[in-house]
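Look for chain A in each of the two complexes below; its partner is chain B in the first and chain C in the second.
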Partner chain A sequence: MSWAAETRSILKKELRSELRRRWSLGLLALFGLITVFVVSFSLKTSPLTSGILSTFFWVIVFFAAMAGLSRSFLKEEETKTVLALRLLARPSAVFWGKLFFNLFLLFFLELILVPLFFIWLNVSGTNLTGFFLVLFLGTLGLVAGTTLTAAIVAKSESKGVLFAILSFPILAPLLIFAMAGSKAAFAGGGWEEIAASVKTLISYTAVMGAGSSILFDFIWEV
Partner chain B sequence: MSLSLSASNLSKSFGSLKVFSSLEFSTSSGEILIVAGPNGSGKSTLLKILTGLLTSSSGQVDYCNENAKIPKEKRREFLWMVAPDLSFYEELSAKENLEFFLSLLGRPANKSFETLARVGLGGRENDEVAGFSLGMRQRLKYALAFLLEPKFLFLDEPTANLDESGVKLVSELLTEQKKRGLAVVATNNPDEYSWGDKKLELGG
Partner chain C sequence: MQAMQRWLLFFWMAAVIVLAFVRPAPQQQLGDSSRIFYFHVPCAWVTVLAFLMTAIFSVRYLMKKQVEFDTKAALSAQLGLVFCILATLSGSIWARFAWGAYWNWDPRQTSIFLQLLIYLAYFALRGSLPDGERKATFSAAYAILAFLTVPFLIFVVPRVFPSLHPSDTVIGQEAQFNLGREVRWIFFASLAGFTLLYYRLYRLGARVKVAALESKGMQ
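So, the complex of A and B:
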């Protein structure tokens, strides 16, 4: 069995389980909807600068990720399905299968979040290509970081708190550059203003993806 | 095929609690090793160490095929364990669970229906595991054991939650296993000692 086929099997199982029970999809949809509604309702009359828009956007994405992305590993531990998975699955296939599933979840959130954010907060003049590029890279980095953290905290006692505590320092550099890139895009800035953030996000994602993939084997075996 | 499983100087402690120490044993093709002992003597812990689900405090476990050691990362292709604290996905059907676990090793799932019928789950193939009783869940673990045909089989409390026909099923599986490879069975039920060719007593 090739690594790719095994990863695909795990992703397929995750999607099937999620679509049947909707543990995370419902949570993420509700989180996106409520947060954008609250922000737009309270700030409708205030002029929003590109910096404020960018901050709000990534705060929502970060907290939604904290709420939704730890579920896949937690559920395996809580329902004790992790034992059969550890007996039969290759660790790297588990990591990448879960990572692609988390990517699906976050893209689903953004599918709801982005249109609502632009419409309810009257966002205009944005460099859309730049914004979506930063969003795509930021999402990849966020998922690479949180998938590993989720695997670490799944075995601990105080899972929820530890997930946020461990994730924050890992994700802080990513959030800083994602916010800077989005700020420039919201202000309608060109490639020159977004380039530095984009390059940093690509490097961060590559390092985090490779590092997480290597470290996961050790976490999975413990 | 000549297979063997051996443990040397195996010890396990949880903090200051010593579960067992300096265990030495080996078993080979065609044999069933019974691990006996009272509750808390470390039978389940030993099986988890042998399958790689737990790490030992000291000592080592070797899987051999034709006198060549099977590396740790390859062992998943050779082993399966049935244990009370091992569960399947409740939101998936019996057939989907079997298909998923078989797909991880690239094994075909074309015998799933007949195997489910063999373990007494015929007609329930497409039902979610969430609706299964404990005995039915145990039978599903045995269905996977029949389909995987592992060379190294580990059974922890093999007849827990099973009725008379379920116990017979375990006996059939072990008879097949003796032809295919070896098995380690952890139990404190004296009726099950007769299945074994060797016995390792823990906590004595």
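So, the complex of A and C:
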């Protein structure tokens, strides 16, 4: 089988097993809903500045990602299917399959998060194109930066806490620029104001994606 | 030979410290508080250098799979953590006098804090795994991945966001030295001293750790 076909079948397997246990997708959606709720409920309808909005937004996305993204590898450990996966597919196909699956999870989560965030927090005057561009790139970067740590954490002790601890310093540059970019977008700023963030997000995603995919080969074998 | 190196380093550092306090302050406006330049910048330099060494040893571990490299990577990270704490504390004290607050999340403060978090996360990971190939491989992979974010923290963040931190003190816009001649001499002497101090501590630690590994291997 070619690499692309292998990657596709890993992704298909992930999606199928996830859809079989629909409640787990539901749990993720509910988690997203609760975090937006807590933020918007406690603030009621007080007007928020673009800086506060973007901070809340990315804090919500970060913690929702921490709750959802570690599962892809953890699941294999729980069901003791790691060995089979290691025998059947080459490491890079596993890595990219899992990465695309995590991307799917995060996009699914954002599908629920974003409309609720805009409605409950009365967001208006946003440069929507800019916002979605930053969101899209930020999501790619989040996934590129956390897939390797998820694989590391799955085989360590105290998994849940460790995942956030390991991922945060790696994601920090991404979060800083995603927050800056969406702050400008929330304020209705044009391309000039978000350009620096967009460029940095692209380079961050490229560097992290390439680095993780190389390093994954080493950790998958031990 | 070892003893001579030790004394040489001792007198070198002593001379640097004395000169840093006796000679006129490097920056007139900031006055005496600018003397921190001689200690804070070398600490920050060693912080990054030590992490670079950790990343290099990690790559070598992944290539060769020899425990020795893993031990050296961890050792360099331990030393880096110490210098990172020193750089953070000294910078924070200086910020109190120059900016009026110990901490105000200047981009440089954010960067050094995140570097501190990277070191701590690295040790958290090491602590959560039992000794063996898995621990060494995972921490090597994590160190390399974390090192990839360092250029963003050091070069991108402070340049995109407004910072109060003096940034062109050592290397100016046209990569020319902005320092007075005497300041430059003391500064580079201090930089060399701190780097050698790191190197000496590293060599000392490596000797102990490798000997421990060998004695464990013999039993």
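Definition applied: the second predicted complex is superposed on the first by the 219 of 222 C-alpha atoms of A that agree within 3 Å, B and C clash if a C-alpha of one lies under 4 Å from a C-alpha of the other, contacts with A are read in each partner's own complex, and residues count from 1 in each chain.
We take it that a residue touches a chain if its C-beta (ideal position, glycine included) is under 8 Å from a C-beta of that chain, and two chains touch if they have at least 3 such contacts.
If you're wondering where the values come from, they're calculated on a predicted model, not measured in any experiment.
Asks: Touch check for A:R20: first (chain B), second (chain C), both, or neither?
Replies: A:R20 contacts chain B only, not chain C.
Asks: Let me test your reading of the model: by the given contact rule, A:Y204 touches which partner, first (chain B), second (chain C), both or neither?
Replies: So A:Y204 only meets chain C here.
Asks: Who does A:L83 touch here: chain B (first), chain C (second), both, or neither?
Replies: So A:L83 only meets chain B here.
Asks: In the overlaid three-chain picture, which partner chain does A:S156 touch, first (chain B) or second (chain C), both, or neither?
Replies: After superposition on chain A, A:S156 lies in contact with chain C alone.
Asks: Would you check which partner chain A:E6 touches, where first means chain B only, second means chain C only, and both and neither mean what they say?
Replies: A:E6 contacts chain B only, not chain C.
Asks: Please identify the positions on chain A that touch both chain B and chain C, taking each partner from its own complex.
Replies: Residues common to the chain A contacts of chain C and of chain B are 222, listed in rising order.
Asks: Show which residues of chain A lie in contact with chain C when the two form their complex.
Replies: Residues of chain A touching chain C: 148-149, 152, 155-158, 162, 165-166, 168-170, 172-173, 176-177, 180, 196-197, 200, 204, 207-208, 211-212, 215, 218-219, 222.
Asks: Help me check something: in the complex, which residues belonging to chain A touch chain B?
Replies: Against chain B, the touching part of chain A is residues 1-2, 5-6, 9-10, 12-13, 16-17, 20-21, 79-81, 83-84, 86-90, 93, 221-222.
Asks: Which bits of chain B are touching chain A when the two form their complex?
Replies: 51-53, 55, 73, 76, 79-81, 83, 85-92, 96, 100-101, 103-106
Asks: Would you tell me which residues of chain C are touching chain A in their complex?
Replies: 62, 110, 114, 117-118, 120-121, 124-125, 128-129, 133-134, 137-138, 140-142, 144-146, 148-149, 152-153, 156-157, 160-161
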